[in-house]
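Residue numbering begins at 1 within each chain, and the chains themselves are lettered A, B, C and D in the order written.
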Amino acid sequence: MNGHLPLYAQVINLLAAMLLLLSFAMLAQRRILSLINLFMAQGMVLFASTVVVAAATGQHHLYWSALLTLVLKVMLLPWILHRLIRRLNVKWDVETLINIPTTMMIGLVLVIFSFNLALPISALAGTITRSTLGVALAAVMLAFLMMITRSKAVPQVIGFLAMENGLFFAATSATYGMPMVVELGIALDVLVGMVILGVFFFQIREQFDSLDIRHLEQLKED
Amino acid sequence: MEFLLVLGFPLAGGLVLAATGHWKRAAEINSAFSLLTLLAAALLTLRVIEHGPQLLFDEEIFIDPLNVFLVALTAFVGFTTSLFSRPYMRIEHDHGRLSSRRLRLYHSMFQMFSFTMLLALTTNNMGILWVSMEAATLTTVLLVSLYRTPASLEAAWKYFILCGVGIAQALFGTILLYFAAEKVLGGGSGALLWTHLDAVKGQLEPTVLSLAFVFLLVGYGTKVGLVPLHNWLPDAHAEGPTPVSAVLSGLLLNVALYAVVRCKVLADGALHSNLPGMLMMGFGLLSVVVAAFFLSRQKDVKRLFGYSSIEHMGIITFAFGMGGPVASFAGLLHMTVHSLTKSAIFFAVGHAAQKCGSQAIDDIRGLIKLSPTVGWGLMLGALAILGMPPSGVFASEFLILTTAMKEQPWATPILLIALGVAFAAIFGKVQPMVFGEPTAKRLPHKPAMLPVFIHLGLVLMLGLWIPPYLAEWYRQAAKLIG
Amino acid sequence: MTTLTGALSIDWMLLLVCAWIVIALAGLVAPKSFRYASRVLYPAGALVGLLLALTAFIALGGTPETMVLPLGLPDLPFHLRLDSLSALFLVLLGGSAAGISIFSAGYLRQAEGALPGLQSLQYHLFLASMALVLLADDAYAFMVAWESMALSSFFLVTSDHRLPEIRRAGYLYLLIAHIGAISILLCFGILQGNGHVGVAGYTFANMRSIDHSVFWSSAAFGLALLGFGAKAGLLPLHVWLPEAHPAAPSPVSAMMSGVMLKTAIYGILRVSFDLLHHPLWWWGVSVLALGLVTALFGVIYSAVQSDMKRLLAYSSIENIGLLFVGIGLALTFQSFGMTGLAALALTSVLYHCLNHAAFKSLLFLVTGSVLHATHTRSLGKLGGLIHRMPWVAWLGLVGALASAGLPPFNGFVSEWLLLQAFLFTPGLPHGYINMMVPVAAAAVALTAALAGYVMVKFFAVIFLGRPREENLAHAQDAGTLERIGLSWLAALCVALGLFPVYVIEKLDLVTRPLLGTGIYGAAGAHNWLFLAPIDPGRASYAPVVFLLSIAVIVAATMFIVHRFWRGRTRITGAWDCGFPVQTARMQDTAEGFGQPLRQVFEPFYRMQRELPSSFDKQPFYRVVVDDHFWYWLYLPAARAAEFGAKMVAFLQRGRISIYLMYSFITLVVLLFLIRG
Amino acid sequence: MSSAPALVLQFLELILALLAAPLLTGWVNQCRAWLGNRSAPPLTQFYRQLAKLFEKEVVLADNASSLFRAAPYVIFACMALASMIVPTLSTDLPFAPAADAIALVGIFALARVFAALAGMDIGTSFGTMGARREMLIGFLAEPALLMVFFTASLISHSTSLSTIVETLGQREFAIYPSLAFAGVAFTMVSLAENARIPVDNPTTHLELTMIHEAMILEYSGRHLALIEWAASLKLYAYSCLGLALFFPWGIPETTGPLSMLVALSSLVLKLAIGGFLLALIETLSAKLRIFRAPEFLGTAFMLAVLAMLVHQLLETAT
């Protein structure tokens, strides 16, 4: 299909593929530090794709959101996360509730599912970047899966942010970006959420002296 | 400009209290801001009564029959809650459960919370709606974890993660909405304005809209507390400070449901099937039944009423799902009376728990001896929420059930069983709490029961007489919801 | 439509109801003052009750009058309607309320249960809501009044809430009442029809105008039967009744058993004869069967009770059963278009409503006086009270005889009418029913006879014989106000018994609008003295002649006996059969008196007995008679609910990943759904 | 109301009943004596007994209530009224409409209830035991009797005794299997109701077996006389009832001296036979244990219901 597509569309498709790849990598990743790096990489891809779309369509506010992505998701959040794990000196590897291969299999199924879910829609997309919606959906799903499978707080949060990335990708590449107000709001929320989470980590840690969320299973119906 | 005040006062209050929240008189300041908000909301309501629906700030703000009474309700309950929280939080402080720093956080977040809710209610922009919902989540997360006990942290954490994920789904739904809208309305911020979408909902792409609605339903439904997305709700209600529980189930759930309803209107317009209705009915019934069965196992009184909130949200969702003038009317009425009654119950429960020094149902006995007003407040509140006439809850349940018998007869046996079980559970737990011989000793401080009886009085009134313009709003909103 | 008097009567009615509400609220003025309640509030309430009865009596047979209140839902204000049916039940309500209120004025004691003012508040709200139930003319008003009735009576039942068993009784009562109310509500949901009219469809007027399909009308009838049966104490929804009646203060038990149960009868009549048009024969038959089972069950169980109020409660169940038997007959007849016989059966039902209201409230008040005099409800600790409290005893005897269905008292008349109705069933064009009739008639006869047994036990064990406890020696007779209340009800019993023709003339005003015909034409045409429902050749009964002849013969015999044989009398101890040590404990206990029935109807009871062995130093005998239904129906239901709760608890195991999985799965499933 | 001669007749019937009842009892006792190879008491024995009892003083227990004193009169009045209602000499009785078959059962029940209450009034264990047993028998006998009447009234489409007797008596002879059942049931019921063997034994005062006697144990003097007289009246009423229902022939509805004579003679004849049969039954059967009595009466009840069913099945067509 790439044959008679304009260049930037091919680029975007390429980036989309990369995004998907990164999501899979995160799903498979055991080490927490590299998880953060992968997240940063995802941010980079996101930034790149946004810029390309902006250039392609001349939607100027997309530059702003690209900048926002760069600042927030490539610099700020990874930095915060790094500081966090340093401050909380969490060195351990990520334990998963389901073993990695199974997770991968499920992830694969999910990707297929979300692709043919998005197929009819992207068929009637007004934008040139058709298949990206499916990719975005897949990314969201994979992030979701990751949140389910991880048993520690930090990876869960990273999964949460990865999900945010997927959404953002959908917003930019599939719809040429939401209105600026909304994007600002979203970005703000993500930031605040991050900060609150930071606070939380310390609280949780000093209460349970661990970030293993299996400790957080006291409230239940016995 | 009333509207600016409606949003401005709580925002200002939040900022001011962020600075002054630890003062001795902070609670009074809090109440004062809430009162101002209430007055502003009242002015706004009057304006709407006079001039009808309002579109403000190049259509970013939209006030129509569907949200005006919710705005008023939110401001009102916010105010009464602040009244209630004044002595309550003071006592908590005296018992040393809260430092004054926490009190500051509490007060300022309380105001921010009502700000976000009011914004969510009044905005015309689906994006802003999402943003403010997310903001509401963040503020309440801080409120829920106020005590910093392990339990409260756990509750807050679950609340944060589950609602965050849910809200993320909602965002995806919003994006899809935009995706569908921009082909009709062209890009730009106009494409997310609900009024515009509503105008062209007939032409929106059905497949996209159905997808979008699913995401929105799951997303906002998580905050509504629909089973099986409800798991955060009982924990958050049980572990947060009581005033927060009161506003959570009294207001936040309403706001989330309001968002769902807005989306349903669009989906209904675009899809030519009854899909959204069916989905909502399904979720509603499931929530009612599951919550009803949960009720009978509760040992913690606030948890108990948390589940009862799930049940009632289920009823309302079911009503909106059924649609039609009567059912939607009933749903709106039920939203109103439920938030009034439930917050009143939480006030009473808060005092009861403070008097007995425990939230465990088994430790609360013979309130009617311990403190007659609290006892009667709890008993009447419980009976009202159980749909005993002449409370307004009964009025709406009457309409919903009879309509269901007509429209969806298959659902009525389920509802019958669920309501029976819920009655047995709640009443069986409340009766020994109120009646019988007290176990705890009297505490000196006298409770602030005024808000409780104001709420119950209003609920009683709504059961016997609904003010004409309110009824008119309900009707128009019902027409809108379809 | 509204004649002058007509327009007046419903206004008066409303005024009186409001008066009750005002009295209720007046209780809050001085909630602690006991004199205020007993000397002002209750007498006022009694007066209002009397006026209410009079107004309703005047309205009886007038053209139906309607009224719309500025209350209720926006498009559905409260509609009130006063027609003959509601008027009759209002007479019943007012009449009994007058007696019971005046009694409670004297009955009220210091420091019993709740504050007197509060109690009067609940009591008068109870009365007012019952009146509104009878007046309501749309589903919403009806339900509001209905549930308020349940609620106020619940608070009255639990007014002494310190005792756990009383709380349990109240809980059971309110729970069953609530479930019943929901099913009534659903019944209205069907009756309102396809609801093109929107909310306005909930008015009874609209419901009357709609013809339903067989399925839906049957469903509506079933729901109504379930709902009203739950309130009336129809099997198997009766369990609350024997719990709640003993728990409540006696005037309240009297009110509940005498009047509140009748509102359920009113409801079923209203639905099945007024709102639904074409009854099916099997409705009638099933109601008949249910009624029979209920009646037999009630009387068999009341025979073995050893708590006087439980005994009366079970006997109330029996009477409700008989009422339903009558209703079933009426429905059957009507479904076959035999309106005349339907009228006969319906008349017996209405008549029995009045009778039961009179004698059962009387008996409950009697137990109240006994309770105050002796502080015990257990029959095993009573006896010989006829010497200490003659007033209560003799008035109680009237009630007991009436309740036993003995001529010339009122209980007999309605029984007689019911049996007459049975005797004419062979006309039915349906073989199986004809086969069933003899059995049914036999069961009714058996019930009546057993009722006699029960009443002998009730009266004799309480009032006759020798006191079984020492403290009974200083029991006090009832006070003046109590006597007035008791006498009023006893007078009602006698009057209803002696002038059936006149009563039936009034009842016709009710049956004619419902069925288009009545039996007075035949019953009264013969002679005011002789009651002959079909024609005097076929059956007739003249209580006055009856009473007179008995009185004459008694008088004559006495005269002759004392005239010709100088009536010497020697007072001495009772003959001890050569067994010198005769203690009061050697008399039959309540258990002993019930023992033959326990033997005859063994399979009907769930019994645990502890028999003393012949070597016991202190022989001890205990028997507990339980209700099968409790174990067959209610405990399983509770267990099922528990099981469901245990199941759903798995949704909430506390692990956040699982929670996330739930929402994930939900999302995926929904996405699948919409793709299909 | 009816004519003066009818009233006179009614009065005559009462007098007749009052006089004939003790004779009937005496006759039954005579027959029993003969059948038991004993020398029989004179026919008028019962009169003497009554006279003696009336003469005796009343020995009243100290804790007897006024109900205890009133009961004998009420019982006596009930029985007298019953025997007035039952058509013996004529069916045109002015008092008949006052109470039909159902009311008649009511009268018997009223009498029984008063007897039981009186029995429990003194509070001796005997009285209460007797009262309990009497009620036990009553609650089974009463519906059975009612069912018998129902069968008859289903045939004659009426519950008023006169009409029943007229229809049964005036119709040409036809076999009614239902009536046969009803007849057996009625016999059993009347045995029980009149405290006869096999249910009760009027002549025994053995603690464990007596029912009726135990109940009236505390009565003496004129009270006892009234009760005994009432008992004999009851027996008389029952016998007449049975005769009127199952052998109605010979009861004219016209009131002429001649027809009166016919009626009287036929009545005497029928009563004599009936009494003998009763004595026969009593002699041939043994007294049942008290807890067999319910079974006995249950059988009667079943038979009566069966009679109605049979009527429904076989005779509604005709």
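Some observations on this one:
Just so it is clear, a contact is a pair of C-beta atoms (placed from the backbone, for glycine too) under 8 Å apart; a residue touches a chain by one contact, two chains touch by 3 or more.
Since we're looking at a predicted model, the values are computed, not measured.
More inter-chain C-beta contacts link the pair C-D than the other of B-C and C-D.
Centres computed as Cα averages put chain B at a distance of 44 Å from chain C.
With centres defined as mean CA coordinates, chain D is found 78 Å away from chain B. With centres set at the average Cα position, the gap from chain C to chain D is 36 Å.
Centre-to-centre separation of chain A and chain B, using mean CA positions: 31 Å. Multi-chain contact residues of chain D (touching two or more other chains) are absent. Within chain A, contacts with two or more other chains are made by residues 117, 144, 147, 213, 216-219, 221. Residue positions of chain C with contacts to 2 or more other chains are 648-649, 651-652, 656, 660, 667, 671.
Of all possible chain pairings, those that touch are A-B, A-C, B-C, C-D. Residue ranges of chain D in contact with chain C, taken from their complex: 54-55, 57-63, 65, 67, 73-74, 76-78, 80-81, 84, 95, 97-100, 102-103, 106-107, 109-110, 112-113, 116-117, 120-126, 128-129, 131-133, 135-136, 138-140, 142-143, 146-147, 150, 153-154, 157-160, 163, 207, 217-218, 221-222, 226, 291, 294, 301, 304-305, 308-309, 312-313, 316. Within the complex formed with chain C, the chain B residues making contact are 157-158, 161-162, 165-166, 169, 210-211, 214-215, 217-218, 222, 227-229, 231-232, 234, 275, 279, 290, 293-294, 296-297, 325-326, 368, 383, 386, 388-390, 394-395, 398-399, 401-406, 412, 416, 419-421, 423-424, 427-428, 431-432, 435-437, 463-466, 468, 471, 474-475.
Interface residues of chain C, counted against chain A in their complex, comprise 648-649, 651-657, 660-661, 664, 667-668, 671, 675. Within the complex, the chain B residues that touch chain A are 125, 127-128, 130-131, 134-135, 138, 141-142, 145, 148-151, 153-158, 160-161, 164-165, 168, 171-172, 174-176, 178-179, 182-183, 187-189, 191-192, 205, 207-208, 211, 234-235, 238-239, 294, 297. The residues of chain C lying in touch with chain D in their complex are 383-384, 386-387, 397, 401, 404-407, 412, 416, 419-420, 422-423, 426, 434-435, 437-439, 441-442, 445-446, 448-450, 452-453, 455-457, 459-461, 464-466, 530, 532, 536-542, 545-546, 549-551, 553-554, 557-558, 561, 564-565, 567-577, 582, 584, 586-588, 592-593, 595-597, 599-600.
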